[in-house]
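This is the structure I want to talk about, given as structure tokens.
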Amino acid sequence: MATRKLKVGLLGSGRIGRVHAANLAAHPGVDFAWVADPMLDSALEVAALYGASATAEASMVLADPDLDALLICSPTPTHVGLIIEAANRGIAVLCEKPVDLDLDRARACREATAGSTAPIMMAFNRRFDPSFREVREAVEAGEIGALENLAIISRDPAPAPLGYLEVSGGIFKDQSIHDLDMARSFLPDIVEVTAHGSNLFDEGITVLGDYDSVQMTLRAASGALVSITNSRHCSSGYDQRLEAFGPKGMLEVANATDTLVRRSSAAGTSTAGAFQPFFLERYARAYAAELDYFVSCILEGRTPVPGLEDGIAALELAQAALVSARERRTVSLAEIRDGVAVAS
Amino acid sequence: MATRKLKVGLLGSGRIGRVHAANLAAHPGVDFAWVADPMLDSALEVAALYGASATAEASMVLADPDLDALLICSPTPTHVGLIIEAANRGIAVLCEKPVDLDLDRARACREATAGSTAPIMMAFNRRFDPSFREVREAVEAGEIGALENLAIISRDPAPAPLGYLEVSGGIFKDQSIHDLDMARSFLPDIVEVTAHGSNLFDEGITVLGDYDSVQMTLRAASGALVSITNSRHCSSGYDQRLEAFGPKGMLEVANATDTLVRRSSAAGTSTAGAFQPFFLERYARAYAAELDYFVSCILEGRTPVPGLEDGIAALELAQAALVSARERRTVSLAEIRDGVAVAS
Amino acid sequence: MATRKLKVGLLGSGRIGRVHAANLAAHPGVDFAWVADPMLDSALEVAALYGASATAEASMVLADPDLDALLICSPTPTHVGLIIEAANRGIAVLCEKPVDLDLDRARACREATAGSTAPIMMAFNRRFDPSFREVREAVEAGEIGALENLAIISRDPAPAPLGYLEVSGGIFKDQSIHDLDMARSFLPDIVEVTAHGSNLFDEGITVLGDYDSVQMTLRAASGALVSITNSRHCSSGYDQRLEAFGPKGMLEVANATDTLVRRSSAAGTSTAGAFQPFFLERYARAYAAELDYFVSCILEGRTPVPGLEDGIAALELAQAALVSARERRTVSLAEIRDGVAVAS
Amino acid sequence: MATRKLKVGLLGSGRIGRVHAANLAAHPGVDFAWVADPMLDSALEVAALYGASATAEASMVLADPDLDALLICSPTPTHVGLIIEAANRGIAVLCEKPVDLDLDRARACREATAGSTAPIMMAFNRRFDPSFREVREAVEAGEIGALENLAIISRDPAPAPLGYLEVSGGIFKDQSIHDLDMARSFLPDIVEVTAHGSNLFDEGITVLGDYDSVQMTLRAASGALVSITNSRHCSSGYDQRLEAFGPKGMLEVANATDTLVRRSSAAGTSTAGAFQPFFLERYARAYAAELDYFVSCILEGRTPVPGLEDGIAALELAQAALVSARERRTVSLAEIRDGVAVAS
């Protein structure tokens, strides 16, 4: 079958941009044409690896009349502008989370792109992890009955540099947003959020007015309860677990390790290896599957999920969590949607 | 060594009373003298098994001038009166939880026994489970550093009969109280409680105005956060897990099964057996260890822990959880202690 | 039901005798009447614990006209004589393995007791372990189809003292005999044995002319192959595993640990505790179940299994293994039964 | 660094050839130039995927004066001739196992290539599996002390077609040879082999005079014993395990599954997914690592291991196993090397 290849540009050649670059280059349906980064050397380096063209200007990529799709991996403040411009040119978008740190700007993006039919997909990569997807599909298929409880544990191996954390939007919008989206992928209709933050180990984070550890409870319209536990550190590696509980059973996603070796000695038995170090390793397959899904949506004319609406909804949950933690009370999503609850 | 045997009476010969009866009979330091139960046939049956004397009247047991210790396994409303009477006679008490469903009555019990030196111990059996204790001791020894997060999952295999649930005081004071005490055994200084209840599967429980599923978050004075998840049912058996997380590691208590067999076939691999059915099996060793500890405290003149004060503190947490769930807000323990927060 | 209690005597108050003593005392159907041991102080100590009578003379116990059953835990050379005497007096026997170290003497025991209807049971305790039994029953029920492969791993934590090993009959008749009997409990019709012995870590055992490590392959009449691996030491504890493989699946018995705690840190994840230390812990339930089965066989008039014939069959396998290891060849059971193959 | 790319040809475009083709194409140090296969359509298909040239004639590839290396994935009877021709032309060789089914021909290959300095590597892919390698390196580093016991379990998911099995050389030279080489990678100096074969489930294999199930014991010069268990089928998937035991601990390689999901319900708990289906999945990383190692050996002028000598040694073990199974006796490697023991 001689399907045409999609001409794709990549904006941003940092850590996550490079993950996408390798997947773009390896994808048989993609013509990986452009890499743009204000740090031109970085763009040139990535472009050289994969035979793409490099530029410091995103506008050059957007101006390419043959461009089919754009991957947005540039800093968060640039997302909204780039999404709008691409959408209005009819270019499909796969944008890293979050849409924006500001809910109003994210909503404005929705309005500004309402007239476009170009697909807009948010890169919540974990939805494409085979194990999380297996559990979600099993729940949807009724294997455990109606979902009653969902527990998500997500701990980074170590805090990002303070320079990054300072502009990250805080733990809820930066780290928890993945888990909030995961919760929504199981229970789209979350009606209230209660969040608790603590400062337990990182003074730099305290100085930023952010939390290093949080615990959230979400309630779905069905009454199902979701527990989300986050920490900015974990000595055993990248701790990424999920458990779905229902009347007929439970489904657990265990941590991944890089080895099948188990050690036993006088010091203990059946010792497994460390959890995989971080998201590059843990979600390598998810990133590839996410891109493949995005490409197939474009080729087959399907609307990709999660879309811009899901990006906004996850941001609303993160905003609700922030208000809840600050004001020490349960926050209903209606408040957030109506603009009643606001936290700085 | 010719230590004298403690003369012990048992009040209540129901399910839990019989667990204690067997342990009393097997304990080399105990002279198991009395079983009292208003249902005399039941008392007679247990007494016959172990060579004790039976009576329908608790007062007969309390009147025995040689009695050293009393195990109170009678219905909750009788606890306070029996504790007071025993304490004032100088008889050591091991009392099943809770002290009382009413916090004021529990506090009155404290005042009424303040003058007695008789040891009063609350039977929070899980503290004596070898695995939970191993984790607590490892945390205290600093193995994982300062505790940052504690997660407790506790699900019964199936709801108790409605007749029992109706007088149980509700899920927080009946089921969660064990987990709240467990949380206190790691983090004695809990300062606030947020609780969420749902009605997901049992209409009878809804009619009672109670919840069948709850999720709680506790904050300790240190900032450490505790997550507690309870359900009145679980298809895989009695789900009893705990995980303690700190900067240097994590310690998990896995579920217990009755078999070492693992099955593999085309349908899946390494399948373990069901979790142990319920508390009688899961905490059999804990009940024996609890009794042994109680006996040794008496013989060695030590004050048993958990004591009456711990029973009241767990009840305060349960009360805070109830207020929180009803009023959809975080409740500080200070409110409960000061009598500000009250829920029916 | 007022069943009469069986009057039981115990010969031998060493380590294994004391396991049986505690179980005899705890068994509701047993009147634990006698403990005999040439070391009278030891017999007195055990007797005092459980309210039995002590004697230095086994003959005194055998002479008790009311004695229903005898547990033989005395040294191996005494087994045959005691079995014969008890059987001829109509006293039921539960005898520790092996029947004897000499196959001819074991066979003579069979002839000498042929006329007696008194039940004779060999104490192959592992048959009564709940997990091994669960696997055997699942295999018999056809869960995995016709058994094709059975793998048994059995390693002691550390070698017994040389003084014991010297009179033990060697690793095949002392240690492996349990695994050979286990193999027979799955595949009664073993037709040939190939054994390999090595001296890898214990010079004292080398001096005795014995092996510290052995590997055996058994072939059943069905063609099914059995692998048995033994070692006299294991740094992680008592290593006791079994795996049954068939066309429809496999069933594994994992090692037992004393704790449900799993540890994770930078040094590794999900670390389980040590295997249980040794047979007293690992087979505690098996010993109790074995005694209970023995008692119920007597009361219900059933022939206990494993019986004397099974004891002789296991010894034949051990003898075949010894010949095989010495002569570096496969030995058929027919040779052993016909007296062709003999190793010193 | 501007290293030159190695020009590489691939002989054979069947299942295993295609694994190597994909890895050749993805390797940055390789110019994947040729695919040869008598079935020209297959060669053309693979060549088109990766931009290589296709031919039906291996001789065309060998005649390329710029060729640096050859991957031999053609049928076993062609191996020796191709190795000799390549080696004599100075072309590096990576050859699939076995060298040949006939030991004399394999030895003749060694003589015929003795004068060549071209690297010859045998593709025992499992040596390059990260988990097996981790265990081997840990053993070499002394983590468990001197190796005392090695247990290898290797079961295919289902028998290959009879047409293949008929020319496979039998289970020992076709399937077990991987495990025999694995044993040599831990214990190079194997001195004797005892093998047992059975026909338990596949009549077609019986008709071929081959076994469907085998059990082997190997003895190393050190006295260490190796157990190898093979079956041509396994209902749970591709069963690939290894356990190394020493005085200071044991190291186990567990089976791989494609999912991190664990299921619990009334039917059982913690159920893992099927073992990975077969070698393409289980050893995907090993194939890539093997190629990478081969390339780096050529570029750095190192002698690759396993080499032709290892291929012959593994074949000797397989031959010894065959003689042992047929003649029902232990076979020493010396017999095989001296040509004393011969089985058809």
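Worth pointing out:
A, B, C and D are the chain letters, set down in written order, and residue numbers restart from 1 in every chain.
Keep this in mind: a residue touches a chain if its C-beta (ideal position, glycine included) is under 8 Å from a C-beta of that chain, and two chains touch if they have at least 3 such contacts.
This structure is a prediction, so every number in the text was calculated from the model and none was measured.
Common neighbours of chain B and chain C (chains touching each): A, D. Look at the CA centroids: the one farthest from the centroid of chain A belongs to C.
Looking at A-B alongside B-D, one finds more C-beta pairs in contact between the chains of A-B.
Averaging Cα coordinates per chain places chain A and chain B 42 Å apart. Mean C-alpha position of chain B lies 59 Å from that of chain D. Touching of two or more other chains is recorded for residues 235-236, 248-250, 255, 263-266, 270 of chain C.
If touching chains are joined by edges, the resulting network of the protein chains shown connects every chain directly with every other.
The touching residues of chain B, counted against chain A in their complex, run 146, 148-149, 151, 153, 155, 192, 194, 196, 198-201, 213-215, 217, 219, 222-225, 227, 229, 231, 233-236, 245, 247-250, 328-330.
Residues 130-131, 134-135, 138, 144, 248-256, 258-266, 270 of chain D are the ones touching chain A in the complex.
Of all the residues in chain D, the ones that touch chain B in their complex are 235-237, 255, 257, 263-275.
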